[in-house]
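Please find the structures below.
Presented sequentially are two complexes of subunit A, the first with subunit B as partner and the second with subunit C.
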Partner chain A sequence: MAQKPAARKTNPSGGVLPQVLWKKTGGSYLLTNDAGHYAWLKEKDFAAITAGRLAETGPLFAELASKGFIRDRLDFNDLAAKWKKKNAYLNYGPGLHILVLTLRCNHKCLYCQSAAAGLGAAYTDMSLATARKSVDFALNSPAMGITLEFQGGEPLLNWKALKGTVEYARKKAKTRGKDLKLALVSNFSLMDAEKAGFLLANEISICTSLDGPKDLHNKNRIFTGGNSHGETLKWLKYFQKKHAAQSPDYRVFKPGALLTVSKYSLSRHREIIDEYARAGLEDIFIRPLAPIGYARNLWDTIGYEAKDFAVFYLKSLDYILKLNRQGVVIREKTAAMMLDKIINFQDPGYLDARCPCGAAIGQIAYNYNGDLYTCDEGRMVGWAGDDLFKIGNVFRDAYKKVMSNGVTRVCVVSSNLEAQPACARCAYKPYCGVCPVYNYATQGSLWGNMPSNDRCGLFKGIFETLFALLKKPGNAAILKRWAGK
Partner chain B sequence: MKGRTKGTKAQRHRGTEAQRHKGTKEMVLDSGVYCAEAVRLAAFVFSDKAGIKVAPRGGTSTAVINGPDAERLAGEFMNEVLNQQCRLDLAKKNSKIAGIIVTRALLSAAGEKAKG
Partner chain C sequence: MKKQEHEKNIVKVGLKDYDLDTVRYAAYAVSDAAYVFITPAGKGAVAVEFTPKHQPVTGHQSPVTGHRSPVTSHRSQAGNLARRFREELKDEKIRAAVFDANRDLREFMILKALSYGTAGAPPEQEDSGLTPEQEKELDALIAQVESEIKRESAGSGTKDPLGITRTWEEKYGAKTGRKKN
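Up next is the complex of A and B:
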C-alpha cells in the first residue's frame, strides 16, 4: 500500500502562544515575555503561530522555542534564571541613600526642582549628628552594597558635615562588613584643591551638571558669583586628568555629568552633545524636566510638552549614533540602561524603571533634618508642602518600621506593573517601570492613568526606537557595546 | 464582560442618564458591566472632588454627583469607574504573581526572608 506523503509538520498544540506580550509596529509584531526575551515576527508568521500553523522545522520556530514563545517547548530553568537575574533587586534592600547635606545653593537654576534655599538659610544645613544617624540608618539596610550620595542644594556649602560623614561612614561600613560607595553631586563652584584632594583620597565618585555650551548652560544655571560653565569644565578636566593618571594609594573614578533639558535646550541637541564629546564625557544622561515639587508651580514658564522632549530625545539619539559611527565614544544613559535589560537580561540599577519602583525599597532620601522620603522626588514634593512621601525620621523611626509603613507599601503596590491595567499587557513591561511620585504630581493618583501619562508615552517612544534600531545590524552592534559597558 | 443592555459602554451610559439638574447628576450603572465594588472604589477616589452618593438598586447601581460642574464630574467619575473595573478584572487574573512580587520586595527590603 502506497504511503501518503507526509503532511508538513506543524505544531497545533504548541503553536498557541504561551503568556506573551506583543505590539504591532508597522508591518511587524514585537513579541516579548517576562523573562525578557524578544522576537520580531512578520504579520503572516504572527498569524501562523497564533493559529498553530507555524512549521516546526523552520528556523523561526527554533528561535521562538529557544526564547520561550512556544507553549510546549518552554525551558523553565532558563526562563526562571533569566527572570531572576533581571529582577535580582527584589532580593536586596535599599542600596542608594541620598543625603541632602543642605538646601542652600549659590546657583539659581531656572528649573531647580528642589527649590534651593538662599545662602543665608543655614538652618537647612544637615548637622553632623544627623548625618551620622543617617549613616547608621542606611547601614541597617540588608543590601551589602551601600551607596551614600551627597546632594543639596550645593553640598560643598556644608563641607564640614560632608567630611565628617565620609570619615564616619568609612569606619562604620568596615565594622558592618558593607561595601560602601560614596558619591557627590556638585556644581563645582566651591571646589578647591584641598577639597578635591580629600574627595579623591576617599574614593568619592563625582558628578556635576553640564547643560551644554556656555551660553545655554549659564542661561539655565544662573550663578551670580562667576561663570558656572567655566568652573564646571575646569574641574571636570581636573578630575579627568586625575582619573587618567590614577594613584597608587586609591582608585580614582571618572567624573560624570548630568544634563537637564530646559525649553531653551530643545532646539540645540547637536551643540549639547558636541559639548559633552568635547569635554571628554562618554555618557550623556538626557533627562526631561519633571513637573514635581516647585517646578510644578513654574511649569508655565519653564515647562514644555512631553512630545517636544520626545522629539529632542530621538534626534539626540540619532546624532549620538552618528557620532559613534564616526568613532566618537559617547552613549546615552537612559538608552544604555534600557538596553542592558533588553540585551543582557540584567538590572542596571535604574531605580526609576523597575517593577516595583525603587521608592523606599531601592533608595531613601534623607532630608537635612533627618526626615526620610521614598526618593529625592518624594522629598521635593514634601519641600513644596505635601509630605505624602515622607516615610519616617532617622531619630524617631527604626529601619524595619520604615520599610513596613503604609507609604512604603503603597508605593510598592502602586508601581507593580502586574497590577497596572495598561502596563500588564504592554510589550515593554519586562523592561519598564512607573513612578508613583510622577503619577501623583501629574495625575493626582499614585497609580496614575497610563494611556494619558506623559512619562509612559515617553518611555514607549524610547522603547519603540530602541527596538527598531536593534533590527538594523549596524546600529545593533553599537547599541550592544553601550549595554556591555 | 456581561451587560444587561446592548450597545457600546458609551451608549449604555448615555442611555441610563436619568436626571439632569444644574449641579446634580444621577447615573445608573449596569451591574453586569460595572460591579458594585468598582463603583464604590470610584466614589472613594472622588470623595475629595465632589459630593457623591452611590446605592445599589436591583441589577444596577445609582450614583448621584453634586458639584458646581456636575456634567464634567460625571464624565470623570465614569472614567474612574471604568478604571477601577479594569483593575479589579486584572487583579482576578494577576493577583497571585502581583502578590508574590510585592511580598518579596517588601520582605527583602525589611531584611526578612520570603518563602520560596
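Up next is the complex of A and C:
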C-alpha cells in the first residue's frame, strides 16, 4: 500500500511552550527560561513556535531544543544543573557580614547616606566586646565562606577595634573551620605605613571611593583635613605596587574603588572613566545614588532622575567598550556581574540582584552598638529613624531567632520574584532581583510597584543594552571576557 | 475636571475572551503610566479605565542601542495606553496558558535542581570498634584472600568456572521452533 508523503515535521509539543518568559524588542523576541538560557527569535518564528508550526529540521529548532525551549526535548539534567549553579546561594546562609566600626568620619561627602557622625562622637565607636560578639554571631552562619567587611563612617578612626577584631576573627574562624575573608572600605585619609602593613599581613582586601578627576572627587567628597583625591590615589598606587610585587608570606589583593554618581558627575562620564583607567583600576562599579536614609532628605540638592542616571550609565558602558577595543583593560562591575549570570549561569555573589535578595539571608549589617540589620541600606533607614529593617542585637538574640524573625521572612517573601506580578512575567527575571529596602524608601511598600519603580527601570535598561550588545559578535567577545574574569 | 475626563480612556473586555486574572495582570503592566480601574460592564464584560499619571513623554534615545522612545501628546498617550493594554492582554493570555500547562513540569524541574548533585561529602566512616593493630591485621587478611582468589581464577584459565555468564543457547543449543503440546 502506497504511503502518504511524509508531512513536514513540526514541533511535537503541539504549540505548548515549556516554562519560558519573553520580551518583544523591535522586531525580535527575547526568550529566557528558569535555567538562564536565552534565545532570540524573529517575530514569525515566535508565532510559529507558539502555534506548534516550527519545523523540527532547522537549526533554530536544534538551538531552541538544546536550550530548553522545546517542551518535548527538555534535558532535565542540564537544566537542573544550570538552575542549581545559578541559584547556588540558596544552599548557604549569610556570607557577607558588614561591621560598622564607627559612625564617625573625617569626610563630609555630599551624598553620604549613612549620615556620618562628627569626629567627636566617640560614642558611635564599636567596642571590641561588641565586635567580638559580632564575629561570634557571624560565624554561626552555615556558610563555609564568611566575609567580614569593615565599614563606617571611616573605620580607620576605630583602629584599635579593627585590629583586635581581625586577630580575634582569624583565630575563631580557624577553630570553626570557616574560610574567612576580610575586607576594608576606607577613604584612606588616615592610612599610614603601620596600618597598611598590618592590613597586608592579614590579607585584608581593600576598597576605597574614587569619584573621578580631582575637582569632581573633592567636590563630592569634602575632606576638611586636606586633599581627599590625592590621598586616595597615593594609597591606591601603594597597594597596587604591593599587589604587583606580592609577598612570600601572604597574598596581596588588588585594591578596588567604588564610584558614586552625584548630580555633578552626570555630564562627565568620559573623564571619570579615564581617571579610573589612569589609576590602573580594571573595574569601575558605577552606582547610582539611592534616596535612602539621610540622602532622601537631601534629594532636591544632590539627587537626579532615574532616566538621567540611565543615560549616564549607558554612555559610560559605550565608552568603556570603546576603550576595550583600543586595548584598555577596564570593565563595568554591574554589567560584569549580570553577564556572569547570562553567559556563565553563575551566581556572582551580587546580593542586590538575586531572588530572594540578600537581606538577612545573604548579608547582615552590624551597627556599632550591636544592632543587626538586614543589610547596610536597612541600617541607613534605621539611622534616619525608622527601624523597620532591624532584625536583632548580637547581645540579645540568637542566630536562629534572627534568621526566622518576621522582618527576615518578609524581606524574603517580598523579594521573591515569583510573588512580584511584573517580575514573574519579565524576560529578565532569571538574572534580576528587587530590593525591599529601596521599594520601601521610594514607594512606601516592601513589594513596591515594579512598572513604576526607577530601580526596575534602570535594571531593565541595563539588561536591554547587554542583550543588544551580545547580539553583535565584536561586542559579545569583549563582554564574554568581562564575565570570564 | 473636564480635562481629566478628556484624558480618560476606556477599553471594554469580554470575559469570554480573557478571564479576569488576565485582565488584572495586563492592567498592572501599564500601571507605570496610568491609574487603572476595572469595573463590571454588563454581563460577561469589564470596563478598564485608564487615567494617565504623567505628562506626555519626550522622545528619548538610548545612547547604546539607539532605540528611540516615541514622542507622545495627551491624546496619543491615552491611545498608546489602550494599545499597550491590548498587547499585554494577548501576551498574558499566552503566558497564562504556558503557566498552566507547565506548573507540574516546572515544580518537578526545580525540585530536581534543588536536589541535584547534593551527594555532598562522602559519609564519615563508621567506627569499627577495632584497634589500629586489629584493623591492620584485618586489612592484611583481606588482601591475602583476594590475592588467593585472583591466583585461583587465573590458574583455571576461565573467570566463569560455573558457566554463569553463558546464555541458554550457548549451554543447550538453539531453539527448534517447535512447541511442546
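Keep this in mind: the second predicted complex is superposed on the first by the 477 of 485 C-alpha atoms of A that agree within 3 Å, B and C clash if a C-alpha of one lies under 4 Å from a C-alpha of the other, contacts with A are read in each partner's own complex, and residues count from 1 in each chain.
Methods note: contacts are C-beta pairs under 8 Å (C-beta built on N, C-alpha and C of every residue); 3 or more make two chains touch, one makes a residue touch a chain.
All values reported here derive from a predicted model rather than from experimental measurement.
Asks: Return first, second, both or neither, reflecting whether A:P213 touches subunit B, subunit C, both chains, or no partner chain.
Replies: In the superposition, A:P213 contacts neither subunit B nor subunit C.
Asks: Pick one for A:V413: touches subunit B only (first), subunit C only (second), both, or neither.
Replies: first
Asks: Touch check for A:P421: first (subunit B), second (subunit C), both, or neither?
Replies: Touch status of A:P421: both partners.
Asks: I'd like to know which partner A:Y92 touches here: subunit B for first, subunit C for second, both or neither.
Replies: A:Y92 sits against subunit B, while subunit C stays out of touch.
Asks: Could you tell me if A:N449 is touching subunit B, subunit C, both of them or neither one (first, second, both, neither)?
Replies: Both subunit B and subunit C are touched by A:N449.
Asks: For subunit A, what residues appear in both contact lists, the one with subunit B and the one with subunit C?
Replies: Touching subunit B and subunit C on subunit A: residues 87, 90, 421, 449.
Asks: Okay, in this complex, where on subunit B does subunit A touch?
Replies: 45, 83, 86-87, 89-91, 94, 97-98, 101-102, 104-106, 108-111
Asks: Once bound in the complex, which stretches of subunit A touch subunit B?
Replies: 87, 90-94, 140-142, 355-356, 360-361, 399-400, 403-404, 408-409, 412-413, 416, 418-421, 424, 445, 447, 449
Asks: For subunit A, which residues count as touching subunit C in their complex?
Replies: Per the stated touch rule, the residues are 16-20, 22, 26, 34, 50, 71, 74, 76-77, 79-81, 83-84, 87, 90, 307, 311, 314-315, 317-318, 421-422, 425, 449, 451-452, 461, 464-465, 468-469.
Asks: Can you check the complex and tell me which residues of subunit C touch subunit A?
Replies: 25, 28-33, 53, 60, 62-65, 67, 91-92, 94-95, 97-99, 101-102, 105-106, 108-110, 112-114, 116-117
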